[in-house]
Amino acid sequence: ANGAETSNELLTIPREDTATFTSNFNPFSPNALPMTQQSVFEPLLIVNPVKGEPVPWLGASWVADDDARGVTFTLREGVKWSDGKPLTADDVVYTFKLQKEILGGFDYLDKVSAVDAGTVRFDFDKPYAPGLFEVGQQVIAPKHVWSKIADPAKATNDTPVGTGPYTQVSRFQTQSFELLKNPTYWQPEKQQLAGIRMLAFAGNSGANLALQNGDVDWSDQFIPNVQKTFVDKDPEHRHFWYPTTGGTINWQLNTTKAPFNDPVVRKALSMAVDRDQVATLGMSGYTQPADCTGLSDAYSSWRDQSIVDKCEWTKLDVDKANQMLDEAGYTKGADGLRTLKDGKPFQFKFSVGSASSDWLSVAQIISKNMEELGVKVEVNSPDWSQVVSGYTDGSFDSGIVWSNAGATPVEFYRGVMSEEVVKPVGKTANENYHRFGDPEATATLEKLVATADPAGQKALVGDLQERFDEVAPVIPLFSGPVWGAYTDERFTGWPSSDNPYATLSARSTTTVLVLTSLAPAQ
Amino acid sequence: MSLTDPTPTASTTAGNPTVQVPEPPVSGRLAHGGFVHGILTHKKALFGLAVLAVFALLALLAPVLAPGNPSDFGPEASMAPSASHLLGTTSKGQDVLALTLWGSRSSLTVGFIVGLAATFIGCLVGIASAYFGKAMDEVLSLLTNIFLLIPGLPLLVVLAAFLPPGPATVVVVLVITGWAGSARVLRSQALSLRSKDFVAASVVTGERAWRIMFREILPNMASIVMSTLLGCVIYGIGAQAGLEFLGLGDTGSVSWGTNLYWANNDGALMTGEWWVLLPSGVAIAVVAFALAMINYAVDEITNPRLRAEKRG
Amino acid sequence: MVFLLRRLGFYILAFWACITLNFFLPRLMPGDPVSRMFSQVQTQMRPDQVDALRRLFGLDDRPMWEQYLAYIGNILRGDMGISLSRFPAPVSEVIASQIGWTLLLGGTSLIIAVVLGNLLGILAAWRRGRFLDSVFPPLLIFIGSFPYFWLAMAALYLFGITLGWLPLSHAFSTGLSPSFSLEYTGDVIAHLILPASTIVLVSIGGWMLGMRNTMIATTAEDYITMARAKGLRPSRIMFQYAARNAMLPSVTSFGMSLGFVVGGALLTETVFAYPGIGYQLLTSVQALDYPLTQGIFLTITAAVLAANFLVDIIYVRLDPRVRVS
Amino acid sequence: METLIERDREDTGRAAAPVLSVKDLRVHYTAESGNVTAVDGVSFDIGAGEVFGLAGESGCGKSTIANAVMRLLQSPAEITGGSIELNGRNLLALGDEELRRTRWRDVAMVFQSAMNSLNPVMTIGDQIVDVFTTHERMPKKAARERAAELLKLVDISPDRLKSYPHQLSGGMRQRAVIAIALALKPSLLIMDEPTTALDVVVQQEIMHQIKELQQELGFSILFITHDISLMVELSHRMAVMYAGRLVEVAPSKDMLGNPLHPYTNALMGAFPPLSGPRVELTGIPDAPPNMAHPPTGCRFHPRCPLAVDACRSTEPPLLQVAARHDAACLLVSEQAVPSERSSR
Amino acid sequence: MRTLQTTPPSPETTTAPLVRVRNLSKDYHLGSFPFRSTVRAVNDVSFDINRGEIVALVGESGSGKSTIARILARLEQPTGGQLIIDGQDIFATERRRASMTYRSKVQMVFQDPFGSLNPAHRIEHFLTRPLQLHGEDDSPRALKLKLRELMATVGLGEQMLDRYPHQLSGGQRQRVAIARALAVEPEIILADEPTSMLDVSVRIGILNLMRKLRDERGVSMLYITHDLASARYIADTTMVMCAGDLVEGGESIELMAAPHHPYTRLLLSAVPDAYRAQGIRPPKREATGRNAGRGAGERVTLSPSHWALKVPESTA
C-alpha cells in the first residue's frame, strides 16, 4: 500500500522498554522485536486468560490423548505464508525442532511428527496435560525459509515470512517501524488496518506523554492515574481496561531461613499486610487483593469459592497476627520490637528491583505494615539483576516475585510448592526462589498433569488450593493487572469487560485477536 | 563540573627579573583573615551563605517541622497546595513539604561529603603530584587525566549499577568520578606554588615534605581549594539528583533526587501536579545557585579585577 | 610534533586503562544476563532454557585472564561481539544505528553552547560592568543550577505539552523517511530544538563565566595595552589580541567536555525519547549486556580520546608556544 | 671616547616648539587601600630630537606619566588635571577615534617587558603588519616588505617575521618591539624601562641601537628608568621624580656634576662605582612613602638627612635655581628664581 | 667616607677553605623520553670559598649562577663533581637528601623576597621554624629572646614579627629572609641576587648588612649577582661565569681593574657607569668569547689572586 495514503490508518503502538529498535524478526530469538510473535507469526491456538478458554488459530482443531501423553492438531486449511507458500505440518515439525535446539524447553516432548500435510502429532514422554497449551501457543515459522538459514539462532530475519495479519516490514527506522498487510492472509476480511506502527520510547514517561498527547492509539505500559491523565482528557474516545489476569504477585519469604520456615510466621506476616492499601496506593488501584488460594483472576474458573470464603490469613487482622506471633514464641520486647527464637531481633530485608517503582511502593507499604507487628523490614532496591541474583542463589530474605503463568493453574502451583523445582541454597534456582516444596502438593500435581478430563482436573486443583491455604508457601498479594488503554477515535472493536475476547495487552498471545478485530472508525 | 576553571592555563607571566616591587600575591591578603572579611562583606557571598544557612537549618529541623516518616502514604492524595499541606501532597498522599524538608538532609549531606572527599583527594593528589614531581607527577597526572577523560556520566551509571544501592554508594561513585577535576586544577595551582622560592626556602631550612605540602603550599591555595570544594559540592548535589532520577540511587531513601524520581514515576507531569515536581527541583537549583554565588564571590575576592565595576 | 606524540602515547595508555576498567566492572557484578532477561519479562525459566540461552549468547566460563586476553584481542580486531539484550545484533551495529543521533544532539548543543558562551564571555569582559556583564552571568548560573532533567521536563511541559510548539519526542516525525529533503531536515531540526536548547541553557553559563574570567585576566596583559597603544581598532584588539589568547583554556575545556557530550546526553535522551547511545548504555547496563556495555563505553572513550587528540592538534595550531621545533 | 649621546646636541632645537608639553598633570588612582594621587602637578617639555629622561624610585609615578601621555590609563586611574600637548595638540581633548589615529603615528611606546608586550600567538611579522594595515591602509604585501625593512633596521634578520615571540631571545624581542614602535616614524618615542628585563650586555647593545636610530631618524624620546647611570649616559636632559612630583630637572651633565636636590644626591650615591677606591655608601634610609598618605610638606623630608622644620610643612615649588636647572627644595630655593614651568 | 677593607678580617683565611667545589657540572634534560635534549647549565666548575670570605659570582643571565647556588643549597643534584665542606665530601655521604647538619651549615637567601616568604605566614614563623628545627628545645621565652636578637641583627624592629610579608617593604622583606638564614647560625650563606628585585635606594642597605654580618659573625657568603659594581663593592673575590663555565676569578678590585678574559671585559664595558671617563665600545656579539674555552678548562694564573680561563688564540 502507498504509505502516504494509508498512514492515517496505521495502528500506532508505543513500546516503552526500548529507546530504539534493532531489526530482529526472528521468532526463535529471546528478544525479537515486538509484534514478531503477535502479528508476524501465529500459534496453533490462543488461550484467552479472561475467558480461560482456547481459541483455535492455525490449528483448526485438536485432540488431546486421554492419558495426557500426546495431542494431535489438525491444521487450518488454506493458510498461506506471506510469500504465498502454503502452511504444512512440516513447518510445525521444523519449528519445534528449531525451537528446542535454539531456546530449549518442551523437555517432555518426545516426538513431533507430520501425520499428513495437514495433521501434526505431538508425543509426550510422560503424561502432561498442560502440554496441549504449551505446544499450542508456540508460534510457527516456515520450514522453506528457515531450513535455508545457516545459523537460525543468529538470524535477524529482516524480511520475515509469516502467517500473521501484518507481516510486511516497512520504513524500519531507529525509533519506529511499520508492519503492513500480509498479502496472503488467511482471514483477509479481518485485516481492516492498513498496518501497525511501533514507536520506541526510553521509559514510561515518554510513551505516556505520547499517549496523552493522542499520538498513539493503543498503549499497554503502566500509566499513572490513567483515569485522570488519559481518559478524562477525552472521555468519549479514551478508555482503559485493566483485567487482573496476569500472574499472582507474591511476597516471597526465603523458607530456608528461620523464621520463614514456620508457616505460622508466614501467615501472621500475611495478615498484617494491608492489601487494600497495597492495591490502591501501591498499585494505583489497578488490581485487587489476592486471596488464600493464591490464584490470579486468570484462573477464576478454577477457583474454589468455598475456600475463598473461609480465607483467614490473607485478610487484614493485625491483632490476630500479633497474637499468632506471640503464641508461636516470637515475643515482643519492651521497645515493641519482636525477637526471634534465638534472641536476635526479628528483622529482615525486602528486595525489589529499583526499576519497578510500583512494587517498590508496595514494599514500602508492607514494611510500614510490619512495624505494627514489631517486625523491622528494610526495603532494599538495587538493580533487578542484583535482586534476581539473590533470588537464584537463595541468599535473599524476602522479595516481591511474579509467579509462573500457564493456561491452567498447574504452572502456578508447581512453581510455588512442588518439591520437583526446589533447589538447595547455593544451587541456582530459576523458579521457586523461596525454596519451598510440599510432598502432598507434589503428589497432587503429579496426578493433575496426568489427568486430561476437566472435571478430574478441577477436583485436583481444588485440593491444591486447599493445600496452599494450609501451608502458605508464599504470601499472595494481588493478581497482576494486564494494562491496556486505547482511543477509539480512529479504530473500533477493542476488547472490553463486556466483550473480553482478549486482553488489551499488545505483547501477549491474545494480541493477534485484537489486531484482527479492530476496524477503522466510521 | 569545572567549566569555570579558575586557573587560566594560557598565562604568559614568565618570571622576568624586574626591579619594580610587584604587587603582593593576592593569596597573601587572603591568608590572614582578609578572605573571611572579604566573604562577609561581599553581597553575593552573603546571599549564598544566607541561603545555605536557611537550608541547613531546615534540614536540621526537619524532624521538628515535619515529624514522622515523610514517605508514609497518607489518605489525602494528589492535593494541591493548601493550608493543611503547604506544598500539597503526592499521588500517594505524602506531604510534599515534608518530603522536601527531609530530602534536604540526604541531598545536602551527600553533596557536602562528596565535595569534601573529592576535594580532599584532589588536594592530596594535586599537591603530591606538584610537590614530588618527576615519576610521581607522571603517574598521578596520568591517573588524573584518565579519570578526567573517562566519560563521567557513563562511568557513574556503570558504577552505580554495579555497587549495592545506598547513600554510601552514591558518595563513593560521585567521589570516584569527581575528584579528578579538582586534582587537575589544584595541581596546576600547586605547581605554580611549588616553583616559588618559599618552598625552596623551606627545603633549605630542613622542613619535611608533608609539612611543606600542607603547611606551606596548601594555605596559599585557600581560595582555589574553596572554589573547588564549592564546585564539587554543586557537582555532588546535582549528580546525586541525576543518578536518583534515573533510578540508580537508593529509591527507598528520601532525597531531592528520589522525590523527583517518584514524582516523575507517578506521572506528576502528566497529571499536572506541578507542586510535586517544583519544590525539590527548585531547592536543588537554589542551593546550587547559592554555592555558585559564593564561588563567584571567592573568585572576585581573590581577583578584584573580576568584579563588575561601574565605569565612570 | 613531540608534544603531539607524547599526547598520543598518553591517549593510548588512557585507552588501555579504560578498556580494562570496562572489562572488569561488569564482571564484578552479581547476576547474569540470562536470569536478568527473565526477570525483565517476569516469567519462569527452565534450566534447559537457561543453558540454551547461555550457549546461544556464548557466555563463557573461562578464567578471567583468558577472557581478558580474548577481549583485548577482539577489540584490536575491531570486533566488539554480539549484543545480548539485542541478540543477535552485533554490538557495532547497535552502536552504529544510534551514535549518529548522539553526535548530532551532543555536537550541536556543545558547539552552540561553546560559541555562544564564549562570545558572551568575550563581550561581557570587554564591556565590563555593562548590562551584559552584570545581568547575564548570575542569570545563566541560576538557570544552570537546575538539575538538567528537571529543566528538560519543564521545557517539555511548557513548549511541548502546554504550548504545543515543538514535538515531544523522537528525532524526527514517524512516517518520514530519512533523506536530504527540506521537509526531513526541517523536521529533524524541529525535533532537535528542545533537547539541544536545554543542554545549551544549562551549560552556557559555565562557558560564559570561564571565558569572561580569562578574558579579563587577558585584557590586563601588557600586549593588550601595547595593542591599544598601537591604535588598533577595538574589534581587532578584542578578537585577535585578547580573545585569541583567552580562548586557549576554553579549547582544553572543550576537549574535556566532549566526554559529557557523548555520554551525558543520557538524561536528555530519557526525557525527550531521543535516540542515542547514552540511554542505550543505561539499558544495556541494566540488562547486564556486557558486550554492548563494553562496546558503548569503548566507543565513547575512543571518541573522547580521539576528539581530545584533535583538540590537541588544534591547540598546537592555536598556541605556537607548545610547538616544539 | 664617545658617550652614547653627543652632549653638543643640548642646544639644538631649543628655539623650536616642544614636541611634548606636559603641564600640571595630575593622575588619580581610586583604590580600596586609599586613593592615590600618583602624579601630582607634573610639568615638563620635550624638544624635537631631545632625549628626556625620567628617573626615580619604584612607584613614584613614572609609568603613570608615560601611560597618561599615551592616554592608556584606564580605571581606576583618572587624569584629573593638567594638559598634555603633543605637537601642539591637546591629547586630553581627543575623541576615541582621533586618539586611536594619533597613537603610534605621532607617539609610540616601548614597554618595560618585551616578553609581555608581544602577542604570544601572533608572529612578529603580523604584529608589525597590523600597524601598517590599520594606520596606512597598506596592502598586506607592501606592509610585509616594510616590516622586513624595519626588522633590518634593528639588526634582526627579516626571516624572523614568521617567528613567534617565544622563539626569539629577550634582546631580540625587545628590538622587535622597538622596530614596531618606529614603524610609523613617530615624533615621540616613550620608553618605559625598556631594558630592565635584559642583562647588561644585551642592554648595552640595545641602548646603542636606540641611540643610533635616534640620531638617524631624529625622533624625541621620553626615557624612563630607575638606573641613573644609564640615564646619564643616554639622555640630554633629565628629571628626577619623587612621590608623584618632579624634584629636579636639569641637563644630564649638570645633574650628574651638580645635583641640587638632596634626593637626587642620595640617589646618585646609591650606585657603587666601578672604579676608584671602595668607599662605604649609605643609600637612602627607610622606604619610599606610601602614596596613599604622602608626607606633608616636602615629600622627601622623612628620609632627608638635611631636613629642617620648614620641610615638614612647606611644599617646595619647582624653581629654577641655575641656568636650565630646576629643583624643588627649600634649602636650595633661596637663591632661586621662580619659574612658571620647568624651563629648557 | 670610610674606605672599606679589601681583605677579609678573618684570621682563618690561610687555613683550609670552608667550601671546596671541584669539577661540578649539571645537565638539565628538556622534554621527556624519547625526545630528550640536554642543556649543560654548569660545566666543570671548581672554586673555593674561605671562611669569612665574600665571593661574588657574576655573569649574564642563564650562565649558570643560580644553578650553582641551588646545587650548594642541595635543592638540585649535580650531574658530576665534588662538594667538600669542612673537609667532608658531601655528595659521597649524603646521596639523596641533605642532612640537618648540612642544612645548619649552609643557608640560602633568594632573589625575590616576595617569593621566598610564604605570604600565608607571619614573620615570626619564618624565624621560629629554623630555630625549632635546628636549635635546642628552647623555652618560649628563650625563643622570643632569640627572635628579638635576630631581628635586631638585621635592623628590624620586634613589632614586625606579627606582620605578614606583604605588610613589609621589599628591603624589610629581604632582611627577614637574611634573618631566617642567620637563624641556624650557618657557616655560609648563599645569596642569589639578593638585591636585584629591590628598589635602587634600598640595595645598598642590604649589601651593607651582608658585609656587616661577615665582619661581625665571620659568615662566608656566595654573592650571586649580575651587577658588577655591587660585586666590587662587597666581595673579596669575584668569579665570572659565562655559559656554564667559570672564566675568570680573582680579587675583586684587581679583576675589575685588569680584566683578562674577553667575556669579563665585555661585561665590564657593558655596565653603564656615569662616572666612567671613557666607555669601551662593545664588540659585536659574535666576536665575544662567550663560548670560547668550553672544555679546555685550562687556567692562566695572572697573579696570586687572579686567574682566568685560557682563551683559544682565534677568539682572543
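Residue numbering begins at 1 within each chain, and the chains themselves are lettered A, B, C, D and E in the order written.
The definition used in the following text is that contacts are C-beta pairs under 8 Å (C-beta built on N, C-alpha and C of every residue); 3 or more make two chains touch, one makes a residue touch a chain.
Keep in mind that this is a model prediction, so the values were computed, not measured.
Common neighbours of subunit B and subunit D, by the contact definition above: C, E. The minimum number of touch steps separating subunit A from subunit E is 2. Using the mean of the Cα atoms as each chain's centre, the chain most removed from subunit D is A. Chain centres computed from CA atoms place A at the largest separation from subunit E.
With B-C and A-B as the two chain pairs, more C-beta contacts join B-C. Centre to centre, using the average C-alpha position, subunit A and subunit C are separated by 39 Å.
Mean C-alpha positions place subunit C and subunit D at a centre distance of 55 Å. The centroid of the Cα atoms in subunit D and the matching centroid in subunit E are 33 Å apart.
Subunit B and subunit E have Cα centroids lying 47 Å from one another. Of all residues in subunit C, those touching 2 or more other chains are 29, 156, 161, 221, 245, 248, 270, 286, 319, listed in ascending order. Residue positions 205, 209, 212, 355, 383, 386 of subunit A are each in touch with at least two other chains. Multi-chain contact residues of subunit B (touching two or more other chains) are listed as 12, 17-21, 161, 264, 269, 309, 311.
Of all residues in subunit D, only 70, 72, 99-105, 108-109, 111-113, 116-123, 130-131, 134-135, 164, 166-167, 177, 180 touch subunit C in the complex they form. Looking at the complex, you find that subunit A touches subunit C at residues 3, 7, 12, 17-20, 22-24, 26, 29-31, 102-105, 107, 153-156, 171, 173-176, 197, 199-203, 205-207, 209-210, 212-213, 215, 247, 353, 355, 383-390, 392, 402, 404-405, 411, 415, 428, 430-431.
Residues of subunit D touching subunit E in their complex: 1-4, 57-58, 170, 198-205, 207-208, 226-230, 232-233, 256, 266-268, 270-285, 287-288. Against subunit B, in their complex, subunit A makes its touches with residues 204-205, 208-209, 212, 223-225, 228-229, 277, 281, 284, 354-355, 357, 360-361, 364-365, 368, 379-383, 386. Remark: subunit E residues 61, 70, 73-75, 98, 100, 103-104, 106-108, 110-112, 114-122, 129-130, 133-134, 164-166, 169-170, 177, 180, 184, 193, 196-200 touch subunit B in the complex.
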